[in-house]
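These are the structures, in structure tokens.
In the two assemblies presented below, chain A is common to both, partnered first by chain B and then by chain C.
Take a look at the complex of A and B:
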């Protein structure tokens, strides 16, 4: 039994890394722009399809392909912000963004269906099926690389937000948009770039999802969004590191439950969210997430 | 003002937005619940002689969503039958016109679609959706309106024994009943000397009527043969659930893995995890997924498909003249190769054949007469072989086979029942993964 528990914990941590990569863009966008991006799940799938195209047609390595898909997704994010988000103003802005980003999700899904059809696609590479024998367990390289990528990405985003001039502009915008305008910050530009970064990092989550999920099609994103929202709420909405910790925590809990009763694992996933929020209503890192640091 | 709370908890707009987001997603995720209101409506009773307008047939299919691969294959099967039958003069001199709506693989949407087809489009006849999961709710709508629901992919017991069908007896599944899926495989294991049977078996099952339905009964049957169960669990059809399940199965190292899968991604996720855990079962049979031709081999890789088995009632090489003609027509219409034709295509095509026989025999589209005719015990011929319905619409004449990917995943072969026409020798021990 002890071996099963250790294996489940290892699975939870590694799968949690994949979910962190998918969730970190969502929490960044929320933290800066007060936008709950319902299109995040579909953007993950878009990232997976971009990796698929590069891998299947240009035979580009999945991780190497990120050098192309991340900038491409940044452009997609900026365009989405320019076309759909920046015009939203006023008291109902947050609620309106829910509808607008849902519309964006439908548009992207429709385009993906048109281009790729409904058949499932997969991302393959030698390290997807190979593993290293460590501490008595076979740990797949793809998950190890993905987890390392998640840690690097979170650290990179922290450095961007807290160690750069752009990061100061972002945080100033987060604290008080009007005041930021008064001191000369181009708030619209900051918002567009931040949205672009949030979508860009999702390309990494998309690649990892495509390589580990068993297959994806344009519709696969809708199964993801509720889980990603739960993760960023638990981590503390707007907290980048919180997304990583929450993803690992929730997927580990889910993985542990599968030892005894797999069909309860989904319920426990959301029950864990409720229990933690009862004890700590702000989530793991909600007290002073991005803005106050 | 609550100064101890962070900024976003003090911001009512944001909290409202967050609550709206979670609510919207939860609502979207919930698929049970509301049922369409009955509009009644008598079924049409149209004499062929009195009407030369096309026979309008309605169907709801999963063109998007989780079942879209199967749903689109079904659409091709229905449309292939439509074009074939129209090319041969239609039915009773009337052309056939299909109206297909997308149910997004959603059990609520499928009810809405059939209600729309019946009340809005006033279709003459109904063809079934894809999967048992969607057929059961569809039947409650069809039964209320008095329609026969002829279908090809709702073969679990839950479909036949649902209250609507027990009352109206209007469901007719032209395919192999799911409860009989593994019969040839069990018979084969029984025929083996005890020393050649698997010693241990694992039964991971997706939480779907098609996943657990055919696999659960097998466990006790194999236990009676001395095959020890080392793993038997039902898991949710969530991407994050596959790897932990597959890792547990791999750790138990069973000789036989009988996977209650509904689609290719589930099988692919297990294959991938088994490779990662460097575990190769001696026998690997899955309820669904490996029957999907090129969609399966391109997902798992041809080499990895080698030796994997799947039960079904049809395959592209099926020794049946009508089937061979259909496969040729399919390749001519849609391209690809014969071996890549999905079994869903034949299931859908057979639905059309059975309905055409019923309309011809009853000289019209009176659904009450069609239901009576289909329950008459008459044996009909389809591309999948013979069809005879019992009192609840099961096909009691259906042929049951086991198929296996062979020759490095390039050949999808009928292997069981051994000695049956078209069967080739089974590869008893699955080759190792290719990569």
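Take a look at the complex of A and C:
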């Protein structure tokens, strides 16, 4: 029993790190552009399929493949922003962008079905099947490697946001877009690059998801996006630290409940969200909404 | 408005009603009436969505919660109470009530937060319900539930459903029209425009939002029951279907959010089109891609929908060659509204309504 609990906590923290990475992308996009990217879930799955193709066809190592898939997903993000998001203006912008990204998700999902079919795929490598013995349970190496990579990437994002000139313009845009524009920040460029970065992290998230989730198909995006949304709401929309804490918290709760009943784990996941929202509608680290200009 | 144009409108409505009633007699094959039944179901649920989301600006992507709950309520009640034959139709009010009962706690939680978060919570609640339907045993798990057998002839099986859905559509459209003209509708639109200001003007925003949400859930739950009896089965993935949520929002956006005719026109265009595509492509993925592409085109090129955009074109056409000054009075207010500036005029009207009341 003790080993099961250790294992559940280790799982929760390690997988939580990977979810944190995907959720940071989502919350960053929300913070800067004020939009919710519903396509984030299916983009993760797209990232997983890209990794799958690279490793199955070209026999490229999963982690080496990221050198190709991350820039590719960055380009996908910039293109989606350029083609659809950029054009939307006006009062209904938030609702519109939500619907547009939902439509993009549908199209990507349909294309993935056309190419790969509905059967479940899995990413494989030696470190996915081999495990390390820890505290009385076995943990596949991929969990450790993936968590390490997620920590490095989140730290990198943090450094980018808080230690560079670009990061300063991103944060300025998050605080007040009009003011940022007035002091000469190219808000459109900041928005495009942020959307690109937010989508690029899904390449890593997708590779990890594909290797640890025990199989994925084009439909898996719905489950993912609803979890990611729950995480960023819980953390407080637009808060990067909040997304980290919420991801680890939610995934740990979920994996602990899984010991008792796998069927209920996902329901507890959402119930936790609702309970937190009843007590604190802005989430753990959210600020009160600023009145619209 | 002159008497003539009023009479013209009434005559137009009468013609539309006559066409709708004559439809299953003219196109009497089950294949054709099937289109009619689905179109009417979606006209109703899209209009119900519009009553809450279109008027208040809170986009709900969780209407399938009520639709699925209505369907499951009828299924579970019929199974446990051993209701058979046409008696199952007596369970439909129960489906509506179950939708409304779900909407109260759902709304009390979700309506505390502002728009962005609200949309996301509706999605999360939707997934909770889908998972619960699949995980619990009393819902039949992933196998779903069958509907009681109806001893009707296959040739005319669809007709009673068509008229039931048509009646529900007529009631819902009338209700939407009446709400839009009422003070309740004005309060909803004031919330859409500026909730803090509406609150400052004395609108009990939570009560207003929750009433509209519950009403829309009541109608959607009822239609879920009708749909279940028509399709004769419900699965977790078909009762609680994410595409259902998206499709009704798409219908409203195509026709024009917040207008009465918009969701109706959108549903009449999209639902038959979707059914037709499903018969053309067996795997269904291509129709999904097309639905997504259509959505993108609508949002990018006719973002306000057919009804407001069409209205503008007609006005431009009528006023060609004349001075570009809009007439004062009702027409001007309507134009401002069509341009998406109804905010200020709604706020003013609300203040005027309040002043009249206090006098």
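Definition applied: the second predicted complex is superposed on the first by the 280 of 293 C-alpha atoms of A that agree within 3 Å, B and C clash if a C-alpha of one lies under 4 Å from a C-alpha of the other, contacts with A are read in each partner's own complex, and residues count from 1 in each chain.
Here, a contact is a pair of C-beta atoms (placed from the backbone, for glycine too) under 8 Å apart; a residue touches a chain by one contact, two chains touch by 3 or more.
Model, not experiment: these values are computed from the prediction.
> Please determine, from the superposition on chain A, whether chain B and chain C clash or fit.
Because the two structures are overlaid on the shared chain, the partners are seen to clash.
> Is A:199 touching anything from chain B or chain C once the two structures are fitted on A? First, second, both or neither.
In the superposed model, A:199 contacts neither chain B nor chain C.
> Mind working out whether A:122 is in touch with chain B, chain C, both or neither, as first, second, both or neither?
first
> Is A:229 touching the first partner chain B, the second partner chain C, both, or neither of them?
A:229: touches chain B and chain C.
> State whether chain B or chain C is in contact with more residues of chain A in the superposed arrangement.
In the superposed model, B touches more residues of chain A.
> According to the stated criteria, A:266 is in contact with first (chain B), second (chain C), both, or neither; which is it?
both
> Under the stated touch criterion, which partner chain does A:100 make contact with: chain B (first), chain C (second), both, or neither?
A:100: touches chain C, not chain B.
> A:170 contacts which: chain B (first), chain C (second), both, neither?
Neither partner.
> Check the residue A:140 against both partner chains and state whether it touches chain B (first), chain C (second), both, or neither.
After superposition on chain A, A:140 lies in contact with chain B alone.
> Let me test your reading of the model: by the given contact rule, A:214 touches which partner, first (chain B), second (chain C), both or neither?
first
> Taking the superposition on A as described, I'd like to know which of chain B and chain C A:26 touches: first, second, both or neither.
After superposing on A, A:26 lies clear of both chain B and chain C.
> Which one of 77-85, 113-121 or 329-337 is the stretch of chain B that crashes into chain C?
Only one listed stretch clashes with chain C, namely 113-121.
> Kindly list the residues of chain A that each of chain B and chain C touches, one partner per complex.
In the superposed arrangement, which is not itself an observed complex, chain A uses residues 34, 36, 91-92, 94-95, 98, 102, 113, 222-223, 225-226, 229-230, 233, 237, 263, 266, 281-282, 289, 291-292 for both chain B and chain C.
> Would you mind writing out the residues of chain B in touch with chain A in their complex?
5-9, 11, 13-14, 16-18, 20-22, 24-26, 28-29, 63-66, 68-69, 71-72, 104-105, 207, 233-236, 238-245, 247-248, 251, 263-270, 272, 275-278, 295, 299, 301, 433, 435
> Within the complex, which stretch of chain C touches chain A?
57, 59, 109, 112-117, 119-121, 123-125, 127-128, 131-132, 135, 194, 196, 242, 246, 249-250, 253, 257, 283, 285-286, 288-289, 291-293, 295-296, 299-300, 303, 340, 343
> Of all residues in chain A, which touch chain C in the complex?
Per the touch definition, chain A meets chain C at residues 30, 34, 36, 84, 87-88, 90-92, 94-96, 98-100, 102-107, 109-111, 113-114, 222-223, 225-226, 229-230, 233, 237, 263-264, 266-267, 270-271, 273-274, 277-278, 281-282, 289, 291-292.
> Of all residues in chain A, which touch chain B in the complex?
3-4, 7-8, 11-12, 15, 19, 34, 36, 38, 91-95, 97-98, 102, 113, 117-120, 122, 124, 126, 128-131, 138, 140, 209, 212-220, 222-223, 225-227, 229-230, 233, 236-238, 251, 254-255, 258-259, 261-263, 265-266, 281-282, 286-289, 291-292
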